[in-house]
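Reading through the structure tokens given below for one structure.
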Amino acid sequence: MKKGIGQYAIGESFAGFLLIKEATKGVTTNGKPFLTLIFCDSSGEIEAKLWDSTKEDEATFVPEQIVELAGEIIQFRGNLQLKVTSIRPAQPTDGVHISQFIEKAPVDKEVLSEKIMEAIFEMENANLQRIVRAFVKKYGEALLTYPAAAKNHHEYVSGLAHHIVSMLSIAKELTNIYPSVNKDLLYAGIILHDLGKLKELSGVVTTTYTLEGKLLGHIPMMVEAIGEVASELKIEGEEVTILQHLVLSHHGKAEWGSPTPPLVREAELLHLIDMIDAKMNILNRALDKVQPGEFTARLFPMENRSFYKPLFDRKDS
Amino acid sequence: MKKGIGQYAIGESFAGFLLIKEATKGVTTNGKPFLTLIFCDSSGEIEAKLWDSTKEDEATFVPEQIVELAGEIIQFRGNLQLKVTSIRPAQPTDGVHISQFIEKAPVDKEVLSEKIMEAIFEMENANLQRIVRAFVKKYGEALLTYPAAAKNHHEYVSGLAHHIVSMLSIAKELTNIYPSVNKDLLYAGIILHDLGKLKELSGVVTTTYTLEGKLLGHIPMMVEAIGEVASELKIEGEEVTILQHLVLSHHGKAEWGSPTPPLVREAELLHLIDMIDAKMNILNRALDKVQPGEFTARLFPMENRSFYKPLFDRKDS
Amino acid sequence: MKKGIGQYAIGESFAGFLLIKEATKGVTTNGKPFLTLIFCDSSGEIEAKLWDSTKEDEATFVPEQIVELAGEIIQFRGNLQLKVTSIRPAQPTDGVHISQFIEKAPVDKEVLSEKIMEAIFEMENANLQRIVRAFVKKYGEALLTYPAAAKNHHEYVSGLAHHIVSMLSIAKELTNIYPSVNKDLLYAGIILHDLGKLKELSGVVTTTYTLEGKLLGHIPMMVEAIGEVASELKIEGEEVTILQHLVLSHHGKAEWGSPTPPLVREAELLHLIDMIDAKMNILNRALDKVQPGEFTARLFPMENRSFYKPLFDRKDS
Amino acid sequence: MKKGIGQYAIGESFAGFLLIKEATKGVTTNGKPFLTLIFCDSSGEIEAKLWDSTKEDEATFVPEQIVELAGEIIQFRGNLQLKVTSIRPAQPTDGVHISQFIEKAPVDKEVLSEKIMEAIFEMENANLQRIVRAFVKKYGEALLTYPAAAKNHHEYVSGLAHHIVSMLSIAKELTNIYPSVNKDLLYAGIILHDLGKLKELSGVVTTTYTLEGKLLGHIPMMVEAIGEVASELKIEGEEVTILQHLVLSHHGKAEWGSPTPPLVREAELLHLIDMIDAKMNILNRALDKVQPGEFTARLFPMENRSFYKPLFDRKDS
Amino acid sequence: MKKGIGQYAIGESFAGFLLIKEATKGVTTNGKPFLTLIFCDSSGEIEAKLWDSTKEDEATFVPEQIVELAGEIIQFRGNLQLKVTSIRPAQPTDGVHISQFIEKAPVDKEVLSEKIMEAIFEMENANLQRIVRAFVKKYGEALLTYPAAAKNHHEYVSGLAHHIVSMLSIAKELTNIYPSVNKDLLYAGIILHDLGKLKELSGVVTTTYTLEGKLLGHIPMMVEAIGEVASELKIEGEEVTILQHLVLSHHGKAEWGSPTPPLVREAELLHLIDMIDAKMNILNRALDKVQPGEFTARLFPMENRSFYKPLFDRKDS
Amino acid sequence: MKKGIGQYAIGESFAGFLLIKEATKGVTTNGKPFLTLIFCDSSGEIEAKLWDSTKEDEATFVPEQIVELAGEIIQFRGNLQLKVTSIRPAQPTDGVHISQFIEKAPVDKEVLSEKIMEAIFEMENANLQRIVRAFVKKYGEALLTYPAAAKNHHEYVSGLAHHIVSMLSIAKELTNIYPSVNKDLLYAGIILHDLGKLKELSGVVTTTYTLEGKLLGHIPMMVEAIGEVASELKIEGEEVTILQHLVLSHHGKAEWGSPTPPLVREAELLHLIDMIDAKMNILNRALDKVQPGEFTARLFPMENRSFYKPLFDRKDS
């Protein structure tokens, strides 16, 4: 595999295509305009400065534009920076596409889709199954391509579906270990719990919050959506209320955004499985970036802890 | 006005009609059955024991039954208790009705209804007005008779409407003092903010929580209901989202049940007005029960404080 | 009205008089001295750099000095900055005065004074009235010109009196809605509650904390001052203690600086009214600076929230 | 299966053998001595009063004594109580044994032992394996019979081993889902994490805290024990320190008794798996005691929540 | 020394004089009046019931009345109780006095007074010395006889002076170890810090809170008193403000009643010394009541901890 | 005494030897390499920039290297900076040694050693004495030279021994004031409480945390070490457990790193004495740097407070 921008070290030279993720205008202390650009490919991102930028530059180098550039990796205030020596916007003839530059789930979306369908197929309670099926149909492609969050965990293309599928695997095993758990309810909760994010987040590539997302949040929006879908399907009764409860309570407590805490066994389990998979996603990706014997960067969503990667392996002694 | 059960002191004799609010069976240390009854009228409540109760007594003396009784007020473990000397269920010929025995708002429900309609009439934004009108029509009588809560504040018949009307008065004056406030939005928020309680609480006389109330809570239920009504009225756009936001955020912060805090000026104001009216209702009713120079009982919803009623009056010196 | 410095945008040229609010010396990385100046007029403030500054410059360009200058508005590290092209200290012949450059309450101090006197006139309790009158006489001009705080809310000339007068308006209406409230006590509490700030803050233009302010705080200082004034007026009894209690408890709880929480109805109401008026002052001023559809900057004293200004108006639909 | 004391309802008669769990002396208000006894069998426990007890009774009816008794189930202050009509201490000829009267894990200790040995066998890192093996050998029978806690979760005979085995099952599946996890380290952490309880708790039947348990706690005691064992086995290096870290941090944060939070991936996972299995044990046992449509009692270790058991089943609709 | 009521055990008989500390009327479940009396002497206290009490009994057996009685020590609901067999009010001819029945500091008040005067004599700063001298003169006898608190620590006659004198001893040594500490300021702070309690608490024998104490608290009252005394002595300047700061901040933080935390070295030290002496007073008295190898009762002001008294002594081994 | 680098002011010239404490490579915005160096001597430290640094410079100017340099003190972004005009590494012939450039305790280590030995000599309990003696022998020189912490308090050579000796002085006086305290236990706790830092911190000059220090912390490491030493000395029994408890609990509560709070009188006292000496060390050193009438910098370990140094002295008035 080709070396991505996330793998370059100080002093190395880079030449190739990158995607512009952010572009901000600035003025130096002596009044000269410049552009701060953040470039990315699927392996990571890097900052660069474009000195003495023109109005034309400002119009050319904008987010979601692919560019071909060359430069050197330097250190600037403790972070890596790309010192650009040449840059030009990509042409149609370059044969590059935005989807090549953004991080994706390590599992294909077709596989993810299949696994979700399998879980639905396993469900025996018709009410729960019909509601879940209706959502999967309604949200279709978005469900398979959205990230699970704007940052923190599973923040890549198909991150949401990847998160759902990992959670379903954990749920399957836990229902073996604790057989009194209602598997249908747990599966339904897992598949639906974060679908409100499809309305809370603006999109797949540059992910920001919608007005509805900011003023209501994905949890109340999804509670409402379940009510709506159930009403369209003419399904009434405890399954609907309890499914809404699973979504409402899945953050675990009021301070974390769930006005009601889990009060049903499967709601508690949904919360715990969600927490495990989110934490493991963060941890695994952070540990992948360091060598044995090193600590990771501080991980904000893990209470700002920095984790150690032991020197020894399974078979060591 | 006739003296109510809430005004009797130790050593006094009582004779008259009371409503049974709660009835619990017990067994003495030497194995004899008895009933613990809580009687009430519109002025307050008192506990009593019915010793050596029969199966027939258990079937007769049940909640919502009116009885005629006589007895003496004694002290038992620091609280007042009614020592019953005679008791019989009321007959149709007694001409007593349950509504005579429960506390009501100090303002008639017709007046409350009229004040709410006036506020709706003052609204200029058609979308907000139509949504509010739809709810008032839909919930009709319940809106005018429900308490505002199972306990703590405005916990009496028509308490919810009384609370709404007091809040509307405060809102009217504040919009004069701060003219940039959107009066329509604030009025709409005030009228709708607690209507979810009509589904959260079981009823007017013996008020408990419904399953939906326990698992979802009145706030998410009302957010969903606004979405539903807006969709029925085919109203779309920011008014709907922002009205939902006002309801969602009116408890002020996550720990108090609002997963999103107020992020719109009128939402903040709704929260503050709700807090003032609830607190003044609690305080005024507690201070009415004590004499100048005394402290009230500890008030749990006021951080368990006990308030002092000063000896001096306005004109004193 | 002439455009103030707070209304200028990047790229615009400015020419006119401004007041120096702060001046700090610095040295560039290559050892050259410069001055960082913060200029203001009544509409806002802007930062500027004076490169290669001389000893003479340092003596000339000091806080409270008015200057005439010209320059261009640029962006520097995300904030606006004024790139100075010419600057000279104002001369007596320029006819400019410091009071023209600082923000003032939107109501004249004569009107504010009159409203406070009206409230005192309405009071019926002679003890409370005499104490309040003594303070108004004693603090006179300062009471009418001080800001209510060094920052956060009503932080402008006559801000304290403006805050008192708004609170009196709210109090007047609330005593109509809740007639058992003691209006004299509430009015007295409102007028006196923050007068300790006249000793806590250094002055009107460049507002810092005095040593007494830092080591004791305005609340204990004012409790002491009430005791002193009452003793001078030979007033004794509950009115004095309770008035001290209102001042002592008006921040609402220990963590916010009130070692005793409100334990008298009017103390609780004073706290609530103070909170409403402070919050609405912050909110209204922040929302005035943004367009419909935008969010305000993060507001630190509002738990760091950023508020949304809806697109629709009262009559919209 | 014979009906246990935990299944009796008010009004039913009981006759048979029970174990005395607690015995407390008391004096009635008129000065007569009595005994309060708590009887148990493997299905639950019930309180009883022995009125007018003699010195001989006090010497006879003591904890861990089996008795044969008859009586009736009554209600006393909201709880069930056994009204004793006859009672005598069990005789050797009765053929009853203390082990028949105490709750046990639902899995035999031989099976539990085998599963733990299997996990050890799967380990590839010789250092970790040798340390774990040494502990299993050292604590032997106690490891297989102790409860996991004095109350809250797995508080029955072999509860600790049952907890370990459930956690190993979860761990096995999670290492499949997250293959970069070090299975040996996680297994070792799971088997050792709570072994300090063997010194913290006094024993299997009447479980109290030892002085060492109260003054040091099982976590620091186990950290010390790992150091000791490693030193006996002459094992040095990171495995020892990291295994101590897993034990030290497994409560997740300082407030919960871990002075260092998890800083190694497997430590975080150990904490999460421990939490899931403890919570599911509490929840499943509480839900087993209620009918569909009911709420459980408040569960103190689950933040005092009361959980709902839905009416519908997997196949319902 | 004669055995006090605090040293009696279950089953022993008591005959002698005791002081009534509290008297509460009650009614039995079958309607008969009784009195609950709490008797005390300087060694402790005990509860008793006076069954079938008459109106005359109620008038006779009141707080601060000394009685001669006989009875037996029994256990009632886990606590000791005195079963009264005879009781009569003490007569003047009995030669007993209330001061014989209340706990006193272990040091005579003359000695305490002398030690305080010595400390004042050591002071070199005339302003601080004059203020302190004025207070000692003004409060005289009360300063030497009041308890330091209504409960928790030094809650006995002369407890306040005992607390001051212990603190002065600690202060003396700390100023040797840290010579840059201003001894005069620290001594002045120690002597004055709790004098507000002389106005906050109602008296020496039955100690309750005054209205001023409840609404203002001893800290703000003492800050005011220092201002008053300084003004009477015509002392101005930093000493006064800083002495007020020491009193204001001596509880250490806002949540504990100090709206300003210590911001002067001697204020911090005053807070720390106050805390040590209060805690050691609580601890020493609790440990005096238990045997080596036992735990004390839970100590509420020590975060509800229960302390262990080791078995070994200094010379043990 | 020669003026140290900590005493230089802006505008002054420096010439002499300094020790390099930290060295960090950087690149300017236009790509040129430079070194940021932090120089220190025993009086303080200062930052400097070495522009256009070569590979050779990077190899020469490294931590723990002494250099001779000349330059001028300038201000850079609010802090002092040394503008270097000449710099060269020190030669053996310069006769300078690293120990001359680092801060030391104000008391010689021989004196500190003697004081610790005296305390051990005073101990009467042979078990405690033998354990303490074993540690002092085992850790020898390190105990006498290590700092007490990497930062915050006593962060200088011999800081740990200095801290122990100050605490012993306080303990001696407190055992006079509270004679029931077990002096041997308290002394033993004081001498051992922080010895775990000898393994937690990397060394005397450049003090960082070891892996064991990060993953276990000095408290659990020291609890383990006491167990080990006691076992080597074949000492068993309560003294060992209680000494471990003193070390384990000396941070006072779980949030501060003590999983068990103090539950023995001497443990509580150890915690309080530790807190006093740490706070006074911080405060005294911060106040030494400011003039009367000034506030110190914000002190992070003192809850970020800034302390005031009064203008008046002991004898003032």
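Lettered A, B, C, D, E and F in written order, each chain numbered from 1.
Going forward, contacts are C-beta pairs under 8 Å (C-beta built on N, C-alpha and C of every residue); 3 or more make two chains touch, one makes a residue touch a chain.
Quick caveat: nothing in here was measured; it's all calculated off a predicted structure.
Peer 1: Give me the chains shared as neighbours by chain A and chain C.
Peer 2: Both chain A and chain C are touched by B, F, going by the contact rule given at the top.
Peer 1: How many links in the shortest chain of touching chains run from chain C to chain D?
Peer 2: Tracing touching chains, the least step count from chain C to chain D comes to 2.
Peer 1: Averaging each chain's C-alpha atoms to get its centre, pick out the one most distant from chain F.
Peer 2: B
Peer 1: Does the chain C and chain F pair touch with the same residues on each side or with different residues, judged by whether over half of the numbers are shared?
Peer 2: Answer different: the two copies use largely distinct residue numbers here.
Peer 1: Counting only Cα atoms for the centres, state how far chain B is from chain E in Å.
Peer 2: The computed centroid separation for chain B versus chain E comes out at 44 Å.
Peer 1: Nearest whole angstrom, what separates the Cα centre of chain B from the Cα centre of chain F?
Peer 2: Roughly 61 Å separates the two chain centres.
Peer 1: Show the residues in chain C shared as contacts by 2 or more other chains, in ascending order.
Peer 2: 211, 214-215, 238, 242, 263-264, 308, in rising order.
Peer 1: Is the chain-to-chain touch network here best called a line, a ring, a star, complete, or other?
Peer 2: Here the contact pattern is something else, fitting no line, ring, star or complete shape.
Peer 1: Mind giving me all the chain pairs that touch?
Peer 2: Touching chain pairs, listed by label, come out as A-B, A-C, A-D, A-F, B-C, B-D, B-E, C-E, C-F, D-E, D-F, E-F.
Peer 1: Where on chain C is chain A touching in the complex?
Peer 2: Touching chain A from chain C are residues 49, 74-77, 83, 308.
Peer 1: Which residues, counting only chain C, touch chain F once they are in their complex?
Peer 2: 25-27, 29, 31, 211, 214-215
Peer 1: Considering only the defined contacts, which chain D positions touch chain A in the complex?
Peer 2: 124-127, 166, 169-170, 173-174, 177-178, 180, 182-185, 237-239, 242, 253, 261-265, 268-269, 272, 275-276, 279-280, 283-284, 287-288, 295, 302-303, 305-317
Peer 1: Show which residues of chain A lie in contact with chain B when the two form their complex.
Peer 2: Within the complex, chain A touches chain B at residues 211-212, 214-217, 219-220, 223-224, 227-228, 231, 238, 241-242, 244-245, 248, 254-260, 263-264.
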